[in-house]
Amino acid sequence: MQKPLVGIVMGSDSDLSVMSGCAKMLEAFDVPYEMLISSAHRSPEKTLAYARTAASRGIEILIAGAGKAAHLGGVIASETPLPVIGIPMKTSDLGGVDSLYSMVQMPGGIPVATVTIGAAGAKNAAILAVQMLGIKYPELRRKMINYKEKMKQDILEKNERLQSIGYEKYLEEMNQ
Amino acid sequence: MQKPLVGIVMGSDSDLSVMSGCAKMLEAFDVPYEMLISSAHRSPEKTLAYARTAASRGIEILIAGAGKAAHLGGVIASETPLPVIGIPMKTSDLGGVDSLYSMVQMPGGIPVATVTIGAAGAKNAAILAVQMLGIKYPELRRKMINYKEKMKQDILEKNERLQSIGYEKYLEEMNQ
Amino acid sequence: MQKPLVGIVMGSDSDLSVMSGCAKMLEAFDVPYEMLISSAHRSPEKTLAYARTAASRGIEILIAGAGKAAHLGGVIASETPLPVIGIPMKTSDLGGVDSLYSMVQMPGGIPVATVTIGAAGAKNAAILAVQMLGIKYPELRRKMINYKEKMKQDILEKNERLQSIGYEKYLEEMNQ
Amino acid sequence: MQKPLVGIVMGSDSDLSVMSGCAKMLEAFDVPYEMLISSAHRSPEKTLAYARTAASRGIEILIAGAGKAAHLGGVIASETPLPVIGIPMKTSDLGGVDSLYSMVQMPGGIPVATVTIGAAGAKNAAILAVQMLGIKYPELRRKMINYKEKMKQDILEKNERLQSIGYEKYLEEMNQ
Amino acid sequence: MQKPLVGIVMGSDSDLSVMSGCAKMLEAFDVPYEMLISSAHRSPEKTLAYARTAASRGIEILIAGAGKAAHLGGVIASETPLPVIGIPMKTSDLGGVDSLYSMVQMPGGIPVATVTIGAAGAKNAAILAVQMLGIKYPELRRKMINYKEKMKQDILEKNERLQSIGYEKYLEEMNQ
Amino acid sequence: MQKPLVGIVMGSDSDLSVMSGCAKMLEAFDVPYEMLISSAHRSPEKTLAYARTAASRGIEILIAGAGKAAHLGGVIASETPLPVIGIPMKTSDLGGVDSLYSMVQMPGGIPVATVTIGAAGAKNAAILAVQMLGIKYPELRRKMINYKEKMKQDILEKNERLQSIGYEKYLEEMNQ
Amino acid sequence: MQKPLVGIVMGSDSDLSVMSGCAKMLEAFDVPYEMLISSAHRSPEKTLAYARTAASRGIEILIAGAGKAAHLGGVIASETPLPVIGIPMKTSDLGGVDSLYSMVQMPGGIPVATVTIGAAGAKNAAILAVQMLGIKYPELRRKMINYKEKMKQDILEKNERLQSIGYEKYLEEMNQ
Amino acid sequence: MQKPLVGIVMGSDSDLSVMSGCAKMLEAFDVPYEMLISSAHRSPEKTLAYARTAASRGIEILIAGAGKAAHLGGVIASETPLPVIGIPMKTSDLGGVDSLYSMVQMPGGIPVATVTIGAAGAKNAAILAVQMLGIKYPELRRKMINYKEKMKQDILEKNERLQSIGYEKYLEEMNQ
């Protein structure tokens, strides 16, 4: 097993079903990672110790997913020179705008690289991490180019299918 | 000099002109306090150490003022059994709704007692602290009753003035 | 039966299922409380009489839960020197941002200590009340320290489980 | 001097410059009114006593102007069978959306007839009051018809001026 | 059959299930009304003709319910000296904040008396109409006093039930 | 003088300084237009008559600028088969989000082609009108292509200037 | 088969069920169209090539439907002199306000004619396209007049039905 | 002169005074950069060509600053395997929430690493870029550790100053 390059932290196991999308995307790029449940508020010392030691253990990027008053990204960022990516969780009352503001509006000096709210964000955090790692690892740069190419092929094929069968049949197929 | 009962923390000295309103109101009630600049993000260890030791040093209430992704209240609350009051600072872009959500939307288990955005909040944080201390100190309970009585007298007098001189003269006097 | 220290008021019995979480948390700390349905708008005299007499009957903290134009906290706060905690109810149209603004944006002089929207807020209101009571009752301070310790243990155990079985099995267990 | 038909209440004399627009518009319709500073939070008993006795003293409509957690309209409405009109004040942080939600989102059973935020609302509250009084007083119905006719003439004349001199000259005249 | 005093207009029959709550409340007060589907956008002439002739046909109050860019209230208000009450419909995307702004933010000169979003608003519009009619009809003023008294009794009884059986049994009864 | 192809309507002369930007841009394309002050609420009959007769008088596009509860676009759209472009005015309290929602959220069947809030929107409404007219008038299509080419040249030149003198000098030049 | 006059582009096939409403409405007006899946982000070259060549292939209007950071409309508008209509998709977290702002707030010079969020917008985009084409094709102008007439008849008939059977029966019929 | 590692792109020279803060911060870390004015909408081809060739020219990170419907970050991200950082500009009407949503809410597959709105964001984008480059360049990792240490010292010194002279003198010094 390879040494992890990315540390994924989430504030609660209720975020796990969304955050697993981040892990799966890293697996697709063969990027070794570790995944942790550690809260900025309920286990602050552990969270800070984790952030403080991540760089020296070889972690190169930290990803934090949290909801509501989502301090996890900022708290981790305060204790590491590594780039920190934040995923704002969707919330049942405010839709995730609370999580988003709590992550993205960091004061000057301590950025959190914030991505899309929710599941799309979990996926995007992994992709962003791969892009960052691509600065150092040419192999990952190449894989990212291929990934983007594949995304393009997928949508071109979907469009071809739409052109060939029309929207009514296409919708039927989607609903099956 | 009395031992401080309240600890006021702010994340930046740019918050000081607002936060001084909190200090002034505590002075009006003769509540001894200490005031600190310590950031959740720029001096996290100091902030946490302060929070961790506050109770044992005799502090009974902590007040945190911060803006934008305002994590200060939550970070302090994570490390103390004391009640923590949060004042969301007004921000120039989002008006303070970012600070508000970052403070009030704390996850279950770690409350931050959030008050009004900005200067009214700084004043209200001090009053709330006095009300909490009134649970233990009957003298402060009495002062709070008097304070409310005085607020009532003030507004009754303003109303009497309005009745006696009419709104046009009253506005003139206000604008002088 | 002990004399109640906390008064929980809600504006409607439709808030009871959320507000019962507040009662349950107080029970977990063995804090005696009373619980009341009394509306700022439908039974104003009763609400005010309750607020006015609470302190003299030995109540030390008042908790108000209400939704939409949530005036209950402010109305109670106007008539008592006690600290008042407000829980903004989630609403079906605006998600609870209406309740939140109606509670937290109190004018200078009359704070309402506002907590998270909805069920997390009901829990947090009780915890905040225990923290306030801890100023006077060392036993509650100790219990709060234990509570936070237990929260920490819970999350550490969850993390250990995650490390030992991996996220896929963990998600399976959660969904069972 | 005629007996007042409308009671204008504001929560603070800081609202007076806006609320005076309401008074002036009632004067333009020769509707006798009284104007009061009385806060839902700082002088609750007086506010409630005022609301409770308004109908028996011959008042037919109550107008409340307040900002932030603007409870004044709802508190007054709780104690009177009269229609209550609410004017949400503009706020420096949230623009008045806090005042608006606190006024308009009243629970079923206790309406507050909410108008535009700020100065336009103060004017509109008076016009709405005249429209309500027009139900009983045909003279006010007639005046309202004339008022609307005059508004129409004003805008038609403005348009004619625009047509005759062109927009550049018109803007010059406006800026003089 | 009595001549209608209130005209209820809705922009679409998709609003009828909400707006029927308004009709039912007027029936409870024995206020004769008429109810109309007429859109500001799809049948503008009819809507305006209705508004223009309402006063002369003896209608004393107009109630408009509409969603999204909810112009119905404003369009009706432009053509009548009668008071116009607006009910903003809840919307599936923006929760009704679009309807609310489109109704309440009327320019100076043409108020729409806006009430709560959705079903509570439909009820409140009827109550507000009764309060307005109470200016002229003492019988309706009396009924409104009784209605408020009944609301108070209901909530007092609910509270007594809560006191006697406790919150757990109360919740059980509610869920049956 | 050519017959106007575009009708610009604004609800108040207070919108004229913004709306004149729309006129100026049409002049730059030599598109003949007429400009009108006519309110949906204060002069509804005139506004509707204007909308109803615009097509038969040779107008091909209508542009409506209005603020707050901005019904002008929708009211005009209800009475014409022509495309209607809406410009939401910035408002001092809600920033123009009220105007935006009131314009863009039209119900199915009656679109208003909504553009950017404020001055950028006034300019964009004119450009959109030229694009629509370009469907019929090849000369305007050509002018639009040139306009876009010129925009591109402008920004390329600005970039060249930046490259040649550096950002500090560039900022100095801008501030002169 | 006629040459298409309208190009409908969507960023993802997940938008197809909403966007098909746009196609259906164009079919109802016998307006030939083409429909494309092409993303601003996943297939940018294809999207831009499509936009760049649309005018020369005889397309007269482009319609773009996209959600979240909905750049599709703006990206297409950057490369064509044709009018571009944007449909903001509803989103599960922010309700579509993200899509709306990303579409409507275009900088001066590059408008996107934005319509209602979601399904009503898809329908309205088609109607707006027909209105634009009506500038050139008198037959479509006539059809639009008929369409509006039919909308009016529909609502008048619904109203007649309501008058004849009452709201209770009407609701019953709707629920069947 | 070193070969640039970071490309800073802004959509308009009106963003330059904010974006220069980004350049200055990169200079403080001795990170070579290039800075470009190129719009997603006004010079799309140039923007895309720039994005497409950046990696092969040795650029490792792209930073995009834009306001309103801020597509620049997403458009660039569509054409590069490099990480793209987005700075949402503050806007005069919506405060920058439009820019923020347009940047952060990117669909799954194409992330934009979004930072704080406005000037704090410009600074944070540079810091985030240095953190990313620190993955590859140990010297930058070390500088980042020093930078954070310096931030900590600064705030500790400010706090010491506050402790030694008190808040009133401190405020006086700030205002000089």
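Order as written gives the chain letters A, B, C, D, E, F, G and H; numbering starts at 1 within each chain.
The definition used in the following text is that a contact is a pair of C-beta atoms (placed from the backbone, for glycine too) under 8 Å apart; a residue touches a chain by one contact, two chains touch by 3 or more.
All values derive from a computational prediction rather than experimental measurement.
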| item | value |
| --- | --- |
| Those chains which touch chain H and also touch chain C | A, B |
| Turn needed to bring chain E onto chain H - CA fit, degrees, nearest 5 | 180 |
| Option in C-D, E-G or D-F whose residue-number contact pairs overlap A-B by over half | C-D |
| Between chain H and chain A, distance of the C-alpha-averaged centres to the nearest whole Å | 20 |
| Averaged-CA centre spacing for the pair chain E and chain A, given as whole angstrom | 47 |
| CA centroid of chain G to CA centroid of chain H, Å | 36 |
| Shared interface positions of chain E, touching two or more other chains | 12, 39, 42, 68-69, 94-95, 97, 104-107, 109-110, 112, 116-117, 120, 148, 151 |
| Chain-chain contacts as defined at top | A-B, A-C, A-G, A-H, B-C, B-D, B-H, C-D, C-E, D-E, D-F, E-F, E-G, F-G, F-H, G-H |
| Chain E to chain F touching residues, read off their complex | 11-12, 39-42, 44-45, 48, 67-69, 71, 74-75, 77-79, 91, 94, 97-98, 101-107, 109-110, 112 |
| Chain E-touching residues of chain D, taken from the complex the two chains share | 55, 60-61, 81-85, 100, 104-117, 119-120, 123-125, 127-128, 131-136, 141, 144-145, 148, 151 |
| Complex interface listing, chain B residues touching chain H | 12-13, 16-17, 19-20, 23, 35-39, 42-43, 46, 68-69, 92-95 |
| Residues of chain B defined as touching chain D within the complex | 90, 95-97, 116-118, 120, 148, 151-152, 154-156, 158-159, 162, 167-168, 170-171, 174 |
